[in-house]
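Structures for review follow.
Look for chain A in each of the two complexes below; its partner is chain B in the first and chain C in the second.
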Partner chain A sequence: MARHRGRGVATINYPIGMNLGGDPSQALVHSNPTGKFTVALSSIDLGQGMKSVTRQICAETLGIPVEDVYVDTADSDTGPHCMGSFASRGTHRVGNAVMAAAREARAVMMEAAAEELEVDPGDLETDGRGSIHVKGAPHRAISVRDVAIAAQFRQGKTISGRGIFLVPLSDVNPETGEMSPATCYAHACQIVDLEVDDETGEVTVLKMTSAYELGRAINPKLVEQQLVGGSWMGMSHALFETPEPYYPDTREGPRDFNEYLMPGPGDICPHDIVVLERPAPDGPFGAKGPGEMCANPSLPAIANAIYDAVGVRIDELPITPEKVLRALKVRGRPEAPPRVR
Partner chain B sequence: MKTSIQFRLNDEEVATFADSGSNLLDVLREGIGDLSVKGGCWQGTCGTCTVLVDGMPRLSCVTLAESCEGKSIETVAGLRQGAKLHPLQTAFMERFAAQCGYCTPGMLMAAKALLDREPNPTRENVVDAICGNICRCTGYEPIIAAVLDAARAAPRRS
Partner chain C sequence: MLEMRKDIFADERADNLKEVGQPTQRQDMLGHVTGTSAYYDDHRFANLLHLKILRSPHAHARIRSIDDAAASRAPGVKRIIRAADVPVNLNTLLSLIQFGKDDEPSLATDVVRYKGEPILGVVATSERAAREALELVRISYDPLPAVFDVEEALKPGAVSVNPVYPKNTFEYHGKYDHQKLRFGAVEQAFAQADFVSEERYQMSPIEHAPTETNGSIAVPDTNGRFTVYTSTQALFFSLDTSAKINAMPSNQLHFIGGTVGGGFGGKVDTLTEPLAILAARLTGAPVRYRLSRHEEMQFGSPRGAERIYVKDGVMRDGRIVARQVRAYFDAGAYTRLSSYAVVKCVAHIPGPYTIPNVHADVFCVFTNRTPATAMRGFGVTALDFALECQMDKDAVAIGMDPLEFRLLNAYRDGDMKAHRREAKNCALIECAQVAAEKANWPLRDEFRKMSSKKDGGAERAGVADRTRMSTPAAPVRTGTSAPQRVTYERPAGSTSPPPIQSTPPATPPAGSTHGVRRFSSVFGTRRR
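This part shows the complex of A and B:
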């Protein structure tokens, strides 16, 4: 009867988005006569920050303040098409589409500004604070608002842009079947320290230590939040969530919060996180995606740590106390006291 | 049959008529119009509908409205004083203690009940106080950190 400590390590290589059908997403950007811009998307913000990130990407590309961009994700019936918010694809796919749309809108904005200032559009630059001026001559300037008014009421131009991101089709090598279905990979490594009680089968996660490589973090606070919450969900997949007992027959399965268990605030552990930013060549400002990928390393790391602690290899999730006890019964309890590390 | 119910809501007297046997959540949202209270599971398991009844956290979806006659009820709508946010609200923002935000009203009220009772809570006190409130986004750590921050930030009462 003892509690045994174990340590497990896992690394993952996570393709951003799906591989099917090019995994496209579209975006439309247009200005209002006030010089504010709207991004129209069908991509849903579940709370993960899609609106914040696409707003930043649009503002940065247009060269205007982030406060002057509004992101509208109102309606997938009327908005431009999106495959959805999953597979860590939002920042990368939708971000790229927004960037393309904002580039096109920026070109029209600069042409309209050039017409008002009677200069060549190539000689103009934005200052990021709501003004457009001749390079090297900041006094030859016009506000984005005045450009929008002129485009709307005098020039008869729509300052707008269309964007789509589509993963290029990968050729299949007829000899080997080899192909490159994904263009962008995020990476993570996680170390889990835990304790296994050989009498109850209970697993207590003590500490997580992780490094995540996810391209440029467009919004570092949102990235950190996603990593903390995502690894909690990884722990939940590894140790808690189950449609048992008679899956796939769901008649006796869990139906509500009482029966479908996930870790509570008393089950969490300290988590040290390092974020490595290696810009992705095809990501918007180098971004990949932290979304779903951050839950992945916790599952194998926890399974490995349990093996390290008590010598049983459980390959069916979740690793419930019952499965640990059954496996220990077959293998026999490890020697007590636990191994000295 | 409709019954008249009167209580204090966030320091104001309110009264409404409700079907006998109505739960407090429906009466607050539909009778009074306080939409800051959210319904989640409607069976007392998720905690998002938590309000304070005479200072104690209660699951409004399984609390009989009639049992609150004459009592004092606090919801998240009464947390801030004018433009000034409650220290818990500020700390939740600064710690990014919400993603989708659906659990936040209940989390804030459960945390307020704790801080009203125990201005200097330990981490364990905070875990106990929010363990009846389910969050599926944050992994709880940012919420625990925010409540501890709010306790440190609040003006000390002797």
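This part shows the complex of A and C:
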């Protein structure tokens, strides 16, 4: 009767986006007459931060402060087509579309500014704080607000832009499976430390240590939220959840959160996270997407750590105390389980 | 705690950005923390009606008769909706991208194929009135035998679940009951491997468990349009699916969403919008259709379970020379998106490792359970579980550190992947090194010095080149108990895989050289 500690690891990669039917998203960007910009999308914010990520990408591309951009989503009358928020595609696909739209809008903004300052647009730059000035001569400047007013009321220009990003359809070879499933991949490695109680079969995850490579963290706080939540979901998948506990037998399905087991606050463990950025050549500022892949390594890393702790392999999810005890019974309780490492 | 390692890959990245990379507070934070963000169900309408659905109590049964006379006279009931009321009752979600055949009714007609399948709807002045009316509907069933196990479903004589796919498998390329992956020659490699092991992995279904259950409100607008407030994860996907089922032009629908209480893949299926719109059309009133928690748990589509067999051939020096995967995706009674997950799974095999011989057959199988759908990691989560557990077992079998074993086999820039595309922009090695350092997982020097940017390509790059090679079998090393000295850097030529017969020449992907042009409102013109 003892608690055994174990450590397990998993390394994974994850494709960004889907391409089965072609994978497009569009964006529209326009300024109001006082230099505040709206991004119109039909993309969905599921809580992951779609609005915030696209807002930062738009502000960066336009060269204006983030407070001067508002993202409006999702209204099918005003927002142009987007495939949807799934397949870890939001940051990459929609981000690229917003970037393209913002570039087009920026070009008009710089032309309008050049006309007001009587210089060549190529000689101008934005300062990121709401002003446009001649390169090397910050005093020869005009505010984005004044440019917008001039464009609307004097020059008759629309400071607006359209953007689309499309990963074309890739057919799949029926004989070999040859295909182009994705243009870039995120990566992760997770190490899990846990404890297995050989009397109760209970598994307690003590610590997670992970490295994730995401291309570019557009907003590190939103990335952290995804990574922490995803690992929790992976842990829950590995140890707790299922609507069919005796799958493929269909009996005993839970009906609500009293019957559907999920980890509670006491089951959450410390998680050391490191983020790496190897920019994707076709990502917006190199970004890929953290959304889905962060849930994946936890499942095998936990299963491998359980083996490291007590020497049993549970290859059927979820790894419930019942399964652990049954496996220990078959194996016999080892004095010193074989070490993996 | 989150730490950014800006020093790694710094040469590939400019870090002079002003807004990108900042931990800016989310645009919608204030609304979320003050409880004022408007979700679909926060919209209020006078005279709102409520749609409730009668669901099958059987996993498989023939419907003999439906008697809804008493229900239609019940207090508060405005309308009963039956299959015959649905303009285009049969649909499949991916018909929007011309993938698969229409196989799922909005409301069952003669047969129910899973417990919980919708049969009939009641539109009433309150949810309670609708629920009570449902109690009055009398349906007589002839129960039919059902099948719940993916491999049982493939046996000759098995119960046929879905008449559109009578053999219980989705049809790929008009001729196969599975999607294939063929790269190199696994059988020869297995014959020469030092260790061969085959293991079985079984995933469990998972409920997305969003805080907000699936739902929508359809509101008749002026000029024949309908405004639909929805929890969908894919606005135009749901709009176009609803337009198809209701046989309406897409511009008669105005979808509003965008703020969703958790999706995780469970809000792509357009479970509620088509019938909410139909009910609003039939009654002329706003109609809400939202799933109860019980419905969401058991009859809203779950993550499907997969059964995966993995067979690996490994050399004592740590190289994986062959990997074979046979996997069965449990789609439940109808296709929804499982057919696509199979393709995504095939593209992911053999995981982030460079393995010269890979062979896979992946099946999308129909059973008499709630149709499965997308969930975080769709098509990949299960495979990662199977492959990464397998990697651990392989490492134990050859007495190698499991992380060093992964590093040794990790894919690198310039390598050829099994789906015949060059690996680029790799970073698996660096992630493993950084995590190991952070967790004090000891790695030997050779492994700490590895790089995704070094030593890839060359003979790891080609399909045809490698398969023409006829090198002698890799030297067999002795001693399996202690960690092996491995060939870390894998210089070109010195650690080439065992001889392999020639692979079928890489032919252009089917469909790229032929096909009819079709038009889809969502995806535009495309080849097929």
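FYI, the second predicted complex is superposed on the first by the 312 of 341 C-alpha atoms of A that agree within 3 Å, B and C clash if a C-alpha of one lies under 4 Å from a C-alpha of the other, contacts with A are read in each partner's own complex, and residues count from 1 in each chain.
Heads up, the rule we're going with is that a residue touches a chain if its C-beta (ideal position, glycine included) is under 8 Å from a C-beta of that chain, and two chains touch if they have at least 3 such contacts.
Quick caveat, the model's predicted, so the values are computed rather than measured.
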When the two structures are overlaid on chain A, which partner does A:Thr200 contact: first (chain B), second (chain C), both, or neither?
-> neither
Using the superposition on chain A described above, determine whether A:Thr158 touches chain B (first), chain C (second), both, or neither.
-> neither
Can A:Thr34 be said to touch chain B (first), chain C (second), both, or neither?
-> neither
Check whether chain B or chain C contacts more residues of chain A in the superposed model.
-> C
When the two structures are overlaid on chain A, which partner does A:Phe257 contact: first (chain B), second (chain C), both, or neither?
-> both
Between chain B (first) and chain C (second), which does A:Pro300 come into contact with in this model arrangement: first, second, both, or neither?
-> second
In the overlay, answer first, second, both or neither for which of chain B and chain C A:Trp232 touches.
-> first
Touch check for A:Gly266: first (chain B), second (chain C), both, or neither?
-> first
Just chain B (first), just chain C (second), both, or neither: which does A:Gly47 touch?
-> both
Shared contact residues on chain A - chain B and chain C = 46-47, 49, 221-222, 224, 230, 233, 256-257, 262, 271
Residue set of chain B touching chain A in the complex reads 41, 43, 45-46, 96, 98-101, 126-127, 130-131, 134, 136-144
Mind listing the chain A positions that touch chain B in their complex?
-> 46-49, 221-222, 224-226, 228-233, 256-258, 262, 264-266, 268, 271
